[in-house]
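As written, the chains take the letters A, B, C, D, E and F, and residue 1 is the first residue of each chain.
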Amino acid sequence: MIDSEQYRVTREPYYRPVGDEVRLFEAAYAARMPVMLKGPTGCGKTRFVEYMAFKLGRPLITVACNEDMSASDLVGRFLLDANGTRWQDGPLTTAARIGAICYLDEVVEARQDTTVVIHPLTDHRRTLPLDKKGELVSAHPDFQLVISYNPGYQNLLKDLKPSTKQRFGALDFSYPDGAVETEVVAHESGVDVETAAKLVEIAQRARNLKGHGLDEGISTRLLVYAGQLIAKGVEPRAACRMTLVRPLTDDPDMRDTLDAAVATFF
Amino acid sequence: MIDSEQYRVTREPYYRPVGDEVRLFEAAYAARMPVMLKGPTGCGKTRFVEYMAFKLGRPLITVACNEDMSASDLVGRFLLDANGTRWQDGPLTTAARIGAICYLDEVVEARQDTTVVIHPLTDHRRTLPLDKKGELVSAHPDFQLVISYNPGYQNLLKDLKPSTKQRFGALDFSYPDGAVETEVVAHESGVDVETAAKLVEIAQRARNLKGHGLDEGISTRLLVYAGQLIAKGVEPRAACRMTLVRPLTDDPDMRDTLDAAVATFF
Amino acid sequence: MIDSEQYRVTREPYYRPVGDEVRLFEAAYAARMPVMLKGPTGCGKTRFVEYMAFKLGRPLITVACNEDMSASDLVGRFLLDANGTRWQDGPLTTAARIGAICYLDEVVEARQDTTVVIHPLTDHRRTLPLDKKGELVSAHPDFQLVISYNPGYQNLLKDLKPSTKQRFGALDFSYPDGAVETEVVAHESGVDVETAAKLVEIAQRARNLKGHGLDEGISTRLLVYAGQLIAKGVEPRAACRMTLVRPLTDDPDMRDTLDAAVATFF
Amino acid sequence: MIDSEQYRVTREPYYRPVGDEVRLFEAAYAARMPVMLKGPTGCGKTRFVEYMAFKLGRPLITVACNEDMSASDLVGRFLLDANGTRWQDGPLTTAARIGAICYLDEVVEARQDTTVVIHPLTDHRRTLPLDKKGELVSAHPDFQLVISYNPGYQNLLKDLKPSTKQRFGALDFSYPDGAVETEVVAHESGVDVETAAKLVEIAQRARNLKGHGLDEGISTRLLVYAGQLIAKGVEPRAACRMTLVRPLTDDPDMRDTLDAAVATFF
Amino acid sequence: MIDSEQYRVTREPYYRPVGDEVRLFEAAYAARMPVMLKGPTGCGKTRFVEYMAFKLGRPLITVACNEDMSASDLVGRFLLDANGTRWQDGPLTTAARIGAICYLDEVVEARQDTTVVIHPLTDHRRTLPLDKKGELVSAHPDFQLVISYNPGYQNLLKDLKPSTKQRFGALDFSYPDGAVETEVVAHESGVDVETAAKLVEIAQRARNLKGHGLDEGISTRLLVYAGQLIAKGVEPRAACRMTLVRPLTDDPDMRDTLDAAVATFF
Amino acid sequence: MIDSEQYRVTREPYYRPVGDEVRLFEAAYAARMPVMLKGPTGCGKTRFVEYMAFKLGRPLITVACNEDMSASDLVGRFLLDANGTRWQDGPLTTAARIGAICYLDEVVEARQDTTVVIHPLTDHRRTLPLDKKGELVSAHPDFQLVISYNPGYQNLLKDLKPSTKQRFGALDFSYPDGAVETEVVAHESGVDVETAAKLVEIAQRARNLKGHGLDEGISTRLLVYAGQLIAKGVEPRAACRMTLVRPLTDDPDMRDTLDAAVATFF
């Protein structure tokens, strides 16, 4: 009844390993250990999960968490049907039933009930109680839970509780080093390696400004955007202004600084 | 089943380009890059999107965001029908299915769940998970997401998260220069060019007061209002008072200043 | 199906013009320009809109806005019917369809989603998207939007956004001058002109106390109340105490001051 | 269909006038002027409205307002029926239709939408728009709105807006003078006049403590309670302790003061 | 249709009077006066109401109030049935209809609308308006309302309004004196009188610490728990640690103090 | 109708007693005394309840409490069925009916209405009123309520009320001593005792840092995770980094401290 094929990752995603993260994830998956991916925006966490799901041959169900998401959005709810109410599994329940990898993106954004609901799935019980339905779902042997977490956002009001954190093994992610990132940008945007290398150098300068006027550095994704515009014939400075400077800041001084960094290379 | 024709822009909107924004938007659209339009109230962002939708021959679905808008308002919800519940696509889902340009106006006003819901549509996945329905919508190849953003409003409590910002190329908008704005006002309101030029000059003086007692300068839209009243025979000073001064401020001194600016030209 | 006749103003409302507001409103209506009426409580804004609706021969739909009003209260919602859900237009949608003047009284009290929902109705688009129904309503050519706004209430937390304000021409209202107000009070309450004049003089004294212990001055409406009691044989001082003093303040000193003002004339 | 008889006051309520309030209310009702009753807890406002409803021969619908009451609780809502939704009038709508006096007790406790919803019923329009139903109810010619208001409670966060206050004539209420209150207590509780007089004297002493450790003085209602216990054979000091002291305060010193006042008379 | 027998107290509850509270309650019930029971946690208020309900031969309906309880939870609501909506009386309405004693436990925890809804039941009207159903319930002649109230909890944000307090006669409750409490503990737990007396002495020492590091003293209920464990063969010190110390505090010093008190007697 | 077998603990859970907790719990269960388990995250409270349920031969229903959980989530609610509404017992009601042990995990996270709803189940009444259904459930003679509570989390805003605390006997839990914990880690992860002992020593060092930069010490669960990775061939330092360091902290200094502790042993 559940079309688990729609969650299958059918083409190998382009992923360029930066350390031993693939091997560690495989060992964690072998123990069905829940895993937490830590790192800044746009550094490739989502892509990594897709790659691992492909490599391990498991369906992948991704949920973008947010502060208005309730436990029911994850677990499921009753819907009204011609014959009365009908239970509709939420994405977490579906993943537990079909043995998918369930990836909760930015789980810290969710309300407490969302994070507590995963507890019995992340210890020796590996169960998910559907209290409203009166059913206790035992997770499929292949099921694994993965969450992402951006340490740069945490504050006193919004953080994972220790009783949640201590249910996960954790992997750190960061921007790839220059050579790897250049390879990625060239591959994804279609520009030549020389242009890609310039874009990466601009990004590295901007990343040093994080915490000194910039909330986040330029992500690999934005570099790919810049490359795509250049590949379509847009003049590099205009392309960088549109993709590397304007999205990041409205502060005139910071814009000048970033524009100057662009001008150094193009 | 969806009447995509109702979203078609059938007449060329009047739009007067002010820079290379048309060319940059075309390149971004060619890459299906999500685009963010930045600029103050009433400077023509909405008109620009309509113009581009017309030029690119794509349907346009516009959503005025607000702080009470939920993710369901964008994505869709179940409605009760004679045969039970029936799924109703929201405007974002409709746009993703029919390959429209989806324009989220003042997206920063929306709640977090609204902004997070667009994430998978704005990276390489180009998908929209309808969690409540258990369906994963793949965006139509022609679909593009455009958002607007008024930097003047941002504060510490309400801003786009870096993980959202870094999914967009960005274009800056401002009021057009004097000659262009005069042309626009005359064209839209029916007054002669000389009168339109006077109205623009009043606006330029008022815009210098932004941040010195005025939250925003006089928009092009209000100049067109003034022109319309004058074209209908209203005495220019009364027309300006009603359209350029009274809507902007209740402060007596600021009103005197603006009335004096009007009196200089009429 | 909509009984637009119930919104027709069938008898000419008593309205005594105080300036060029009738002529300006007619010109604004000719351009279908949205209009904002500014002024204190009880000075005749509602009556003016009724008068203009009568004069222009348009139906009038009035909505008293409040902070618990949602966009759905204006736009409409799905109701459950014998055959499933049925769409019910809200007052704004009804007005847009039948070409009525829609008057949103004290719009600043409403939540943000209420004020944002009127945006596409107040620019060149003149449309109202019913997102939940998937319909884009084009306003009837005779439709006009009018809002009221009491500048005395505004504070930092609750004000119209510039992007809303700049969609309206604005007309200022205040209490009528003494002769006009005397005429109004006598006409509405049935007291003789001499008594009405005394009531107006009491009001004028009290209005000077606004901001010095009184939140608002005595409105024309309260003067009519006082006149009505006097016309029914109530002793004038008792009538004034009940209608001009007790409703305004519980402060003993302020009550003495107002009682003394009454005693000067009766 | 509405059983208006159930709202009829069939027996003359015991009410002992204390001033010209009956005559003033009759004149206000003759003009169908909305009336606000001001005064402390338990001084007889509710009883007065019942008495006037009886005297004027009108049905009375009383609503105890509270901060969780919504406009729908007053106006009505759609209910689900065998044949779909069915409109159910709220108490205010019922009162407007059948020509009852509608008494909103402690209206300041209600949310803003409740207070704004009464505006069109309290000016020359005398209408109640049922926006959700698309019906404009014209009030029955005999309908009158009465509200109560305890000035002792007001604070900066919760007060009637001037635009609401200025729709009402106002009558002040207070505790009756000693002789009248003695008569009331004896009549209601069944104790002799001498005992009743002692109870009233205790109350008068306690009322002087209002604002000096007591939030409110002893109400007439509590005196009647004390009398009832005494009439049932409870020892007077124990009766007073249970009804006049313990309900008012938990402060030991204040309890001693009140107990001493009791001991002076019994 | 209502099974009032399920609310009947069929066995005489064990209650040991401590003063004239039984006689005063009987007199109050004879006058159907609403009664407020004041006193700390676990001192026997609930048991007293059960005892009085048994003695007076009335059914008893108890509601544990809480801050999420709405007026509908007390009064009733519409439920959906095979034939549409069906009204379901809440516990307060049931009690008013069948002539039960309705006991609202810790009423100060409830929201304002819950406390206001009892007003018309607690004065001469003795009615309960079911606004949503359009019915005015007259209370059964045997109906009485009883509330409990723990003065130790009150703070500025959460207290009964004077207009609510002044509707009740009040009875103070406290822990019983040593001999009585020893009798209660022995009777309820099955330990001998000597052991019970030791437990009571421990409690009396701990109660002196209230306000000096303990929020509440040890209740009679906890003494019964300790006795039950001892009667089942648990070593007295371990039993006291589990029931008299660990539940009350996590502060190490306070735990030492309490453990020492236990060691003095066992 | 309820499948109580699904709540049966069919295999003896691995539990290593650390004191007299098993005997005390048995005595408490014999008296059907409600029990509160206190202690830090991951020290075995959940496992202990499972073990006791197995030992006592009772079904176990576990509910992970959270701040968005309402009383209805515990008690039950009406669902819509082909024949109208149907009552669905919540987990607490199910447990009370079938005589299960109901374990409310981290009950302090729940809203007040959740904690108050358990009151009548935790005193001599042993009843659960289903107010919405009008039913009073008497608990099965075998029913027992158990709650957990982490004293380290409490703050001024969120704590159990004394009237709740005083309904429970309490057992303290902590991390097991070194030998026991080594045994547990080796048994659960498959590593040899020597490796397990090293992991426990690392944990003991980290636990001393609690309150000095760490919110919680390393739990036994994380030690098992580390052991599992090592057993699957991951290099011990990498395994410890992923399971003992990265999940606990993002602070660079604290990470260095913990990494150094790991390096001491591996």
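Details
In this text, contacts are C-beta pairs under 8 Å (C-beta built on N, C-alpha and C of every residue); 3 or more make two chains touch, one makes a residue touch a chain.
In UniProt terms the chains read A, B, C, D, E, F = Protein CbbQ.
As the structure is a prediction and not an experimental result, all values here were calculated from the model.
Set against the C-alpha centre of chain B, every other chain centre is closer than that of E.
Between chain A and chain E, the superposing rotation on Cα atoms measures out at 120°, rounded to the nearest 5. Under half of the residue numbers at the chain A-chain F interface are used by both copies of the sequence. Centre to centre, using the average C-alpha position, chain B and chain C are separated by 30 Å.
A straight line joining the Cα centres of chain D and chain F is 52 Å long. Residue positions 80, 83 of chain B each touch two or more of the other chains. Within the complex formed with chain B, the residues of chain A that make contact are 2, 6-7, 41-42, 46-47, 62-69, 73, 77, 79-83, 86, 88-91, 94, 105-106, 109, 150, 153, 215-216, 218-219, 221-222, 225, 228-229, 232-234, 238-239, 242-243, 246-248, 250. If you check the complex, the residues on chain B that touch chain A are 20, 23-24, 27-28, 30-31, 33, 36, 38, 70-71, 78, 80, 83-85, 111-113, 115-117, 119-120, 123-125, 129, 131-132, 134, 136, 151, 154, 161-163, 165-172.
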